[in-house]
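Next, two complexes with chain A in common: one pairs it with chain B, the other with chain C.
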Partner chain A sequence: MALTSTAGRATETSSVARPGRVSSPRRRRRFTLTPYLFLLPGVVIFVVAIIWPAVSAFQMSLYHWNVFNAQLSQWSGIDNYLTAFKDPHFWQSLANSAIYMVATVIPQMVIGLFIALLLKKKSPVQPLFRVLFYLPVVTSWVVVSLLFKFLFDDSGLINFTLHDFLHLMNSDVSWLADRWSALVVICLLGIWKGIGWSMMIYLAALQGVPESLEEAAEMDGANRWQRFRAVTIPAINPATVFISVMLVIGGLNVFTSVQLITGGGPVGQTDVVLTYMYTQAFNFSDFGYASTLAVILAVFVFILAMLQLRILRTRDGEELA
Partner chain B sequence: MKRSSKLGLAVVTAATISLVAAGCAASTTGSGTGTKASPVTVTFWGSYGNGGNSTQQDALNKTLIPAFEKANPGITIKYTDIAYDSLLQKLTTSAAGGQLPDLVRADLGWVPQFAANGVLVPLSGSMSDYKTLAAKDYAGNVSTNLYKGKYYGLPLDTNTRVLITDQAALAKAGVTAPPATFADLQTMATKLKGTGVSLFADSGLGAWNVSPWIWSGGGDLTNPDETKATGFLNSATNVQTIQMLVDWYKAGLIPNLITGNKGATGTSDGLPKTKYATIFDGPWMSGIWTGQYPKFQPTYSPIPAGSGGSISVVGGEDIVLTASSTHQAAAEKFIRFTQTSAFQIAMAKTGQMTVEPSLADQQAQLAPYYKVYSDQLKTAKSRIASPNQSKIDAVLTTTLTPAFLGKTTVQAALDSAASQIDALLAGN
Partner chain C sequence: MTALAPRASRRRRSAGWPAATTLRYAALIVGAIVMVTPFLYMLSTSFQSQAYVLTIPPQFIPNPATTGNYTAAIGTENFLLYFVNSLIVAVISTAGSVLLSSMMAYSFARFAFRGKEAIFRLLLAGLTIPAVMLLIPQFILARNLHLLDSLGGLIFFYIAGSLSLNTFLMRGFFASIPGELDQAMQVDGANSWTRYWRLAIPLAKPAIAVATIFTFLNSWDEYPIALTMINNSDNATLPLAIANFQGQHATQWGLVFAASLIAVIPVLIVFLVFQRYFVQGLTSGAVKG
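Let's turn to the complex of A and B:
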């Protein structure tokens, strides 16, 4: 809308600058190119960085792609897709991605909102806590992944604390030797690192909740929980939709932490779609199959995001994201 | 060694390198070789500096390359160091983008894969003196460059795995000498039970890890032509060998590092800390321990012998020329330079083992443990020369791990592995 208005103003300015001229409809159309010129850099970047690689990936998925010499690639049609649907390791990696997504999205949102509510109140130490909670978000994934790996390794701080110090366990646990315990470690990192981001979005949303609504509810006799449920939650619903969509997309795209903490192991048990895709591409040079996995994941994420937007639409039918 | 002697040795080494480099310069003529009038720059990628090792890079950049350039006016060698873990990815993406360097120091396992995809020049066809150069090297290393009847590289440096033991752990097992046979290991296994010391540790179940056991046990991975694994990998001999490892694993004498626990203590820490009694590893471990565990004194000895003898696996790097190179003649000159005794010994001083058996004695004078590696290399075998080597490793790991975890039998695991590897070999 803003760009349309700008375009309108540009036309008016132009007319004022040249009062003697009669503006033909054709000339006005030429002037309306201005907003598109402003859009052009963004569109070019989007096409070059997103659309073109996506189309290329789809093209590669239809071939036994020879990355070293594309001309030697052999057309395979939907063979790679059929292979993927029959590949138990792909389904396991997709399941692991889904488990990570489910296990991290809800805690990030709930804990993020809780902390945002605590930090909403004015306090001299509030800025400090905001920074502290946001710090993991801006910390490098590589650094924190390696940190978690060291914490949870067989002779790491977690085993020392639980076994040697608190005596809560009879022996050290090999956290990274089993699919489920390793996934717990990876999920814990995801939650810890993501809470600060949810908190910041919720904090901004909470500051936009009209005080008059809170006061009106209070005057009507609503207690704190009732006010939170009936006033705050609906008021921050757009933020909730935004956070959930973004976290679901991010959750299904988990890569760095898995790659660095377990490398998909033991024996691919903790592989997520992206680590499996990476293995196919860079260990086995099977870029056609890797691209197929990427396309399937992209379609899956797109459908899931659309469903979320549809389901989380407000009762008034308003799109909130 | 006195300071003056060291200085003298350095001068002699530098002079020898210069002379040899000059010799290489004289041996080749032709267009594109680089002259003063039309200089060329040959790009060279490798991972000499992996793990922050500046010694090898320094030897290359400050001594060897300048000597070569001085002897070959008009040729500049531009070496780029890339971390080993990123090198394959970098080479793959660069190949896709047509941005490969002229020369690559490639892990010998990658050569068939790149050769199969037309990325490399078959040196056995382009270098008239290839046979002469290759004849000086260990046959096992040369064979890693073979793909479909052509040789695509020359060995640059080599390594293998030998048995490394911790004396304190041996004492706990009540023995004084490292185990020389499978039977000795079995004896140690009995004595180490309940001591908290693992008999043996390794970080995986790929071909690099299990091949020494299989070959020393008297078995094989495939038929001699490397076209079939069934009937070889899943032989009764191999079942017996792998079962021995599985039994030790189940008895707690091999840690779950071997089945993929990324949180387990690594072999480089476990051995000096007397958590592990024995490991199989390469000559680079000495450098690691010198820095991290200066008091640790490891014992190097041959791989314990089974019914097949003491057979290890060949490792190392080959130097390969990319098909996209526009300076092939100049690049081939540098390849010849890497095959000289001056280059090989200069790099041996930094921890890179020579590929020439005739230099083994000279190398052993640098560090006594080199002799163990050189002797082991005489019988060491190379892994399956296949563009699908990474997939073969993955097959071995994914099929053998369930056997170690007790989810399947060793026979079933090896049957499955052999069948899958058959399909990969057929796809070569």
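Let's turn to the complex of A and C:
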């Protein structure tokens, strides 16, 4: 419901307001202009800075783009897309983005919901915990990326804890020197930074669950888990849809943490689509190919968002029926 | 509410109270430790002189403690300039975005007009467009508009990037304000701007608080756009400066973290000031829709 709910809900308000008064043609004309005036400045900026660039990214992907003189760019049709299709490095970066997305979205949602449930009951320390869990969310990606790079340094705190202190490992691990362990670090950062955000949205959603429903279920003899499944989960479904869509989009868009922690290394093995795109665009000046990579990613994001909305909404509908 | 059910359930809950509460707090405390320890370690490192950073075993309580990193960070490399740049960009972006998106949200929530559905869907599509996908065309656009390498350019793109989510959050809240209030003011002859500015905005404080937190945070912390648009270091914002700083002084972690912690303070203040509205503002915006 949350993301696709129509804008039409409040339409009655303005039409209800009218019957009492005589509306001259002139008044009615002014009435129809007002909403557009409210929209105008925002929509103009939005179209110029978001929609137009989105369209031109697609357009650029069809050219061998000339960075210095756009007029000299050569039309190449789907050449760039064929190149991407045959580019193993692109596939690896796409796989890395997908791994990051899958590995971070679910833990963020599950742990976020779990903590929200623990914090649901009002208590004097609740705001303190809320702030502590939200701390990583307000901190810049740049800062937390550098912080994790420091923690997972060869002689950093993590190696010390796991090797010298807990003796869980026989030797120090060079976390950032290997594709998989580096991805683990980047994913851990993503989860750690994002839990507070989904916790906050879930906390808001849980306030909206009618207590009478829970009590009715309790009267019917439902235990805690049954009440959670039958009452709470459906009631917070709009929040779940919202969070999962936003996190999947955010997950595929991972950029800053990879750029700053590994820079895509070792030898490009931890490149995600957007760091690869960045390298193509701003190191090799191949704007056309870089745009192609961006467009392919955007298509993936869009398809996944639509799929989620469809799946999660039908489930909601069935439960209501 | 029935009188019987709550009493029955309260008694049953109170029987299992201590154990459940202990477990609950144990879980919360473990979670909070995981969240906070990296920050504490960062804090401790920022008070250590270079000789003690990354030694084994690591120092948790800096000894000897020094504020040298802070004075060095503030004193060198235009740090105050970057701080002010970030502040200018974040404040203007937030004010601009909250104003423009609340106007749009008001329009969607209170008026019936042709094309409303289409425009709303276009805005929502903005939520699914990956910001980084737009980097290249935005870079070209900024070059053509002479916005490259300027704070104005950053503000322009930060406002644009936050409009979708803010409008979406605030529209839900405006729609939940009873229409009768609006009609009463309309009967009194108030025009729609007055109704928006004097009625809807004051009533929508929680939603505005949420939009303010999100926008301030995003513009204060933003990195990719600043990275592509800003070349002259005089116009750098803090995230850019800190990243460059680490690049140049690869091993001076104390210095990097002192700068980082100073950079965290403003967002923390904004969050603490507005957070009491946070849950309320989200409830009617994002999750009810």
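For this structure, a couple of remarks:
Rule of thumb we're sticking to: the second predicted complex is superposed on the first by the 283 of 321 C-alpha atoms of A that agree within 3 Å, B and C clash if a C-alpha of one lies under 4 Å from a C-alpha of the other, contacts with A are read in each partner's own complex, and residues count from 1 in each chain.
We adopt the following convention: a contact is a pair of C-beta atoms (placed from the backbone, for glycine too) under 8 Å apart; a residue touches a chain by one contact, two chains touch by 3 or more.
If you're wondering where the values come from, they're calculated on a predicted model, not measured in any experiment.
Touched residues of chain A were counted for both chain B and chain C, and C has more of them.
By the touch criterion stated above, A:Asn283 is placed in contact with chain B alone, chain C being left untouched.
Within the superposed three-chain model, A:Arg130 lies in touch with chain C and out of touch with chain B [touch as defined at top].
Of the two partner chains, neither chain B nor chain C is touched by A:Pro234.
In the superposed model, A:Tyr36 lies in contact with chain C only, and not with chain B. Applying the stated contact rule after C-alpha superposition, one finds that A:Asp153 touches each of chain B and chain C. In the superposition on chain A, contact is made by A:Met219 with chain C only, not with chain B.
In the superposition on chain A, contact is made by A:Leu297 with chain C only, not with chain B.
Touching of chain A by both chain B and chain C, each in its own complex, is seen for residues 70, 153, 155-156, 281-282.
By the touch criterion stated above, chain A contacts chain C in their complex at residues 1-17, 20, 32, 34-36, 38-39, 41-43, 45-46, 48-54, 56-57, 60, 70, 111, 114-115, 118-119, 127, 129-144, 146-148, 150-151, 153, 155-157, 160, 164-165, 192, 195-196, 200-201, 203-205, 207-208, 212, 215, 218-219, 236, 238-239, 242, 245-246, 249, 252-253, 255-256, 260, 274, 277-278, 281-282, 287, 290-291, 294-295, 297-298, 301-302, 305. Residues of chain B touching chain A in their complex: 88-89, 92, 95-96, 113-114, 117-119, 256, 259-265, 388, 390-391, 394, 397-398, 401-402.
Residue ranges of chain C in contact with chain A, taken from their complex: 1-2, 5-6, 9, 24, 27-28, 31-32, 34-36, 38-39, 41-42, 45, 54-58, 100-101, 103-104, 106-114, 116-117, 119-120, 122-124, 126-138, 140-141, 156-157, 159-161, 163-164, 167-168, 171-172, 174-175, 179, 182-183, 186-187, 192, 196, 217, 220-221, 223-224, 228, 238-240, 242-243, 246, 253, 256-257, 260, 263-264, 267-268, 271-272, 275-276, 278-280, 282-283, 286-289. Of all residues in chain A, those touching chain B in their complex are 66-70, 72, 149, 152-156, 174-177, 261-263, 265-268, 279, 281-285.
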